[in-house]
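One chain, chain A, appears in both complexes that follow, with chain B as partner in the first and chain C in the second.
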Partner chain A sequence: MTRLQTFWGSFRMSLLHFFADPQWIIPNIIAPFVFTIVALILFRDVSGSVALYAVLGGGMMGMWGNTLYGSGFALAFDRWNGTIEYVLGTPSRLVWIIAGRSASNAVLGLANALAIVLVVAIGYGAFFAIADPILFLLALVLTLTSLSALGVVFCSAFLLSRSAQVMTNGLEMPIYVASGSMFPVALLPFWSHPLSFSLGPTWGIDAMRYAADATYVGLGFGYWTDVLVVLASAIVYLTIGFWLFIVVENKVRRDASLTEY
Partner chain B sequence: MYHSSKGILRKNRQVVEAVKGISFDVEFGELFGLVGPNGAGKTTTIKMLTTLLTPTSGAAKVLGFDIVKDVVEIRRRIGIIFGGERGLYYRVSGRENLRYFADLYSVPLSKRERRLSELLETVGLSDRADDKVESYSRGMKQRLHIAKGLVNDPELIFMDEPTIGLDPQAARDTRAMIKQLVQKGKTILLTTHYMFEADELCHRIGVISNGEIAALDTPEGLKRFVKDITVIEVEAFGVVDADIASLRRQPDVKAVSANLEGERQTVRIQTPKGSEFIPEVTKVLSGAKIFDIRTKEPTLEDAYLRLVT
Partner chain C sequence: MALILRDWPPYRIFWSSATFAFKALFSWLRPAMWLTQLLVLPLFQMAFFVYLSRFVNPGTTGVAFIAVGNALQVASFSSIFAVCNLTSEEKWQGTLTPLIVTPANRFPLFVGRAMFQILNSIATIVVGFFYASVVFGVDMSRTDFVALSVVILVTCLAMTGFGLMLGSVGLYMRTAMIIANIFLFIGLLVCGVNFPVTVLPTWLQPVSYAIPMTYGTMAARAAVEGSSLVLLAPVILQEIAAGAISVFVGYLLFLGFEALARRKGTFEEF
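== the complex of A and B ==
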C-alpha cells in the first residue's frame, strides 16, 4: 500500500505539473504529430502497413520522448524547485517516486499516440486494420511498461549528473532510430543491431506490428517471443534501476552532492 | 567530511571537514537551538541527523535510531522545515503540495484529507489552499513549509533557519507557531542566525564554530559568558572597516560587531572597562559622525560573538 501510494502520488503530481507547465507541449505533443505527418508525406502512401509504420513511429516518438524527458527532468526539476531534499527525506523509496513519474510520462505519451492515430485517420484518411486488437493492446501495455522501466534506469544515472537535460537531448533520437520505430531494424547497419536488440521497445514495436498485420514478418521470432523479450527487458531494466537507485542514493548522501545542479 | 573537486581535465580534489566530532543530546519536548556563523556546520549537522547526508565517521541516534542504519525509521518520525524561498512546487496549489507529501509519508488515505484541512487551518492558509503556490507571499510560503513539515505528525522537527528572509510580522507569526508546536509536546531542533530569536525560543542552545560545539547552555547560562563585560553601542555614519579593525586591536576590547550598511551604522564593542572606555572609542571613530553612544547590558548576541570570534 505504501509503495502504491507513493507511486500513485508521484504519478498524479507529475500529470499536474505537465498540464501546469506549457513548455512540454512542443517536444511531447506537437513534435510527434509533425514527425508522423512528415513520414506519411515521405512514404507517399497512407494505406496498410505504411500507415502502420508512420502512426506507430509517431506514437512511439511521443511515448519515448515523454518518458525520456520526464525521467531526465524528474529529479532536475526537484533540484530547481529545491524540493529534492524534502522528497529524499521522506520514507518513500526514490525508485517508486521515479517509477510513478516515469509511468505518468509514458501514459501521456500513450494519449499522444492515440491522438496521432485519430488525427492521421481523420485528416489523412490513413486507416489500417488491427488484426488482433487484444494482442495489440497487450504488446502496447508491455511496451509502455518497458519504456517506463527504461526511464527509471536513465533517471538514476541523471541523479548523478548536473546535465540531465543535455543527456536527454542526446538520447532521444538514437533510441528512437535504434528501436526501429519508424522503419525496420533490418535497414540499420549491422553494427547497430546489438543496441537495437538490447532495447525492449524494439521488441515491443515488433510485437505490435505482428498483432496489427497478419502478414508481417519483422524480426522473425514471432509475436510471443517478442512479448516475452519485452517483459524480460522491463524486469531487467527495473532490477538495474532499483540497484542503481540504491547505489546512487548512497553516493549522493555520502558526497553531499544531492543539491548540486 | 566530504570530497569536492574543481576543474574538468585536471581535477583538483579537496576534502572538506564540515563537522568535527560534535556531541549533544536533545531531551523530549525540548526546543534546542544550534547557532553559529555561516559555514560553521549547522546545516551539515541537521542534514546528517535527518539522514540526508551520511557521516564519514562517528555515530548519532535520532529517537533511538541510528542515522546510518535506520534511515527509514527516522524519516517516518521526523519533520523537516528549511527556510528560504525554495522547497515547494510553485505551479500547483498549496493543498496539492501537502497532498503529495502526505502520500510520500504514507499518511493513510482515510485520514489524509482531514489532516490536510487541519494543517491548512493551523497555518492560516485555508482560504488560499487551492491557489497556486506561485501566487503566495513569502510569509505564506513559509507557513506552507511548516504545514509540509508537519504532514506526518512528526515527533521531532528539524528547522533550519525558518524565519530567514521573512518580514517582521511573518517572522513573528512563524515564531508563534514554533512555540505552539513545543506546547503540543513536539521536540524541535532549530538553527538560526538571529540571536534574539534563539533567546526567545530555545530552552538550550549549542554554539557551533568551525565544526565544533564551542558552548552549550541555556540562553541565561550563555549570557553569563559575558557577565564581566559592558557593551558600548555606537550609532554613527562614516565608520569604515579600518576603524573596526583598529577597535579590535585595542587591548581592552573583547569583541566588536558592526553593521556598516545604510546611513545609520551601528557598532557594538565589548569591554570590561565599561563607560570609562567611551573616550577611547570616540578617539578611534574620530573620522565618523557619531549620533549616539551608550552602554548596554550584554545580550545573547554578545555572548555568541565572544564565543565565535
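== the complex of A and C ==
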C-alpha cells in the first residue's frame, strides 16, 4: 500500500509540476513534430501507405521524446533545485518515486503523440484509416509501457551522472533510428539488427502498423508475436530498472555523490 | 603590440570570459561524455534522414544532398542550443546578477562565453563530413576543401551569432531553453537541410533566408561538388551578412531586455 501511495503521490506531483509550467512540453515534442513534417515533405511524391509510417512514427517519437526527457530531467531538476536530497531522504524507495514520474510522463507522452498525429493529419491531410482500432489501442498502450520502462532503466544511470542532460540529448536519436520509427528496420545495416530487435519500441511500432493497415507486411512475425515481445520487453526493462535503482541508490548514498553537479 | 592587445579591455573581457566558460563547462561535463556526444549526435541524425531518404527514393542520389545538409546542420546543437542557453544557465547557477552588475561590456563578455561552442561546432561538422564520406558514401573526390573549410568556419561563426541573438531573449524570459529547442530543430525544416528551400511555401521562404544556415547548406553542397571559393563568394558573403545582422540585432535586443529586466526586477526569475 505504501508503495502504491508513493507511486500515486509522485504521479500526481509530476502532473501538477507539468501543469504549473506547461511550456516544457515544447522541447519534448518539437523534434518529433519537425521530423514528421520533414518526412511528409520527403514522402510528397510517393504513393501508398507512407503516411502511416510518417504519422505513426511521429507519434511514437513523441512518446519516446517525452519519456526520455521526463526521465532525464526528473532528477536533473531536483539537483538544480536542491530538492534531490529530500527526495532520497524520504523513507520511500526512489524507484517508486521515479516509477510514478515515468507513468506521468507516459500519460503526457500519449497526449504528445495524439497532438502530433492530429496536427500533422489535419495540417497535411495525411489521414489514414485504422483497420482494427482495438488491436491498435492495445499495441499503443503496450508500446507506451515499454517506452516508460526503458525510461526507468535510463533514469537509474542519470542518477549517477552530472551529465544527464547530455545523455538525454544523445539517446533521443539512436532510438528513433534503431527502432525504425519511420522506415523499415530492414534498411539498416545487418549488424545493427540485434540492437533493433532488442528494443521493445521496434516491435511496438510494427504491431501498430499491423493493426492500422491490413495489408502491411513488416518484420514478418505477425501482430500477436509483436505484442508478446513488447510485453516481454517491458517486463525485462522494469526488472533491470528496479534492480539498477537499488544498486545505484546504495552507491550514491555510500559515495555521498548525489548532489554533485 | 601584444602588450597593447592584452591591456585592451574588450579583449581582456573576451578572453577571460572564454577561458572561464571553458573551465565551467568541463567542471560538470566529463571530456569522455563530450567526446561521445561529438561522435554520436552527427551519426544518428544523419542516419535517420539518410535511411528515410533511402526508404522514399531507393537508388537515387538524394542521399548526398541529405548527408551534407545534416553534416552541417548538426552543429546547431552547439551553435544554437548551447549558445542560446548561455543566459539561462547563468540564471540557474545564480551568477547572472553578479555578471550584469559588472561594468564589463556585454558584447565581448557573451561572445567570449560562446567561443568554445564555435570550436565545438567546427569539430561537430568535421565529424559529420567524415561520416558523410565514410559511412554514407558521399563522393568527396571533387571537393574543394579550401572552400569547404571557409564555409564551415563562416557557418559556425554566423550560426553562433544567430544563437546569441536568440539567447538575448532568454535574458528576459524565464528560460531560453524553449526557444533553443525550437530553433535547434526548425533548421531541419526551413534551412534546405533535407530538401531545397524552394519546396517550402512561398510565405515561409523569407524565414529560411534570414537564417545563416540556409546559405551554409547551399555553399557546402557546391563546395563538395567542386565549386571554388571565388564561385561561392556571393553565397558566403550573404551568409556573413545574415550572421552580422543577427549579432547586431542580438546586441540591441540584449541591451533592451537588460533595461527591461532591470526595471521589472526579473533577472532572477526562472
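In the analysis below, the second predicted complex is superposed on the first by the 250 of 261 C-alpha atoms of A that agree within 3 Å, B and C clash if a C-alpha of one lies under 4 Å from a C-alpha of the other, contacts with A are read in each partner's own complex, and residues count from 1 in each chain.
We take it that a residue touches a chain if its C-beta (ideal position, glycine included) is under 8 Å from a C-beta of that chain, and two chains touch if they have at least 3 such contacts.
Owing to the predicted nature of the structure, the values given are computational and were not obtained by experimental measurement.
Asker: Clash or fit: what happens to chain B and chain C when chain A is overlaid?
Answerer: fit
Asker: Please work out whether A:Gln5 is in contact with chain B alone, chain C alone, both, or neither, and reply first, second, both or neither.
Answerer: After superposition on chain A, A:Gln5 lies in contact with chain B alone.
Asker: Would you please give the vertex angle at the Cα centre of chain A, with arms pointing to the Cα centres of chain B and chain C, as a multiple of 10°?
Answerer: About 80 degrees, rounded to the nearest 10.
Asker: A:Arg254 contacts which: chain B (first), chain C (second), both, neither?
Answerer: A:Arg254 contacts chain B only, not chain C.
Asker: Of the partners chain B and chain C, which touch A:Met13 in the superposed model: first, second, both, neither?
Answerer: The first partner, chain B, only.
Asker: Classify the contacts of A:Thr83 with the two partner chains as first (chain B alone), second (chain C alone), both, or neither.
Answerer: first
Asker: First (chain B), second (chain C), both or neither: which does A:Ser92 touch?
Answerer: first
Asker: Report, in whole Å, the shortest distance between any C-alpha atom of chain B and any C-alpha atom of chain C after the two complexes are superposed.
Answerer: Comparing every C-alpha of chain B with every C-alpha of chain C, the smallest gap is 7 Å.
Asker: Show me the residue ranges of chain A that touch chain C in the complex, using the header's touch definition.
Answerer: 23-24, 26-27, 30-31, 34-35, 37-39, 41-43, 46, 50, 53, 80, 161-163, 166-167, 169-170, 173-174, 176-177, 182-184, 187-188, 261
Asker: Which chain A residues qualify as touching chain B in the complex?
Answerer: 1-2, 5-6, 8-10, 12-13, 16-17, 20-21, 81-83, 85-92, 97, 250, 253-256, 258
Asker: Going by the contact rule set out above, which residues of chain C touch chain A in the complex?
Answerer: 28-30, 33-34, 36-37, 40-41, 44-45, 47-49, 51-57, 77, 92, 177-178, 181-182, 184-186, 188-189, 194-195, 199
Asker: Could you list, by residue number, the parts of chain B that touch chain A in their complex?
Answerer: Its residues touching chain A are 2-3, 18, 44, 47, 50-54, 56, 72, 75-76, 80, 82, 84-92, 96, 99-106, 109, 132, 148.
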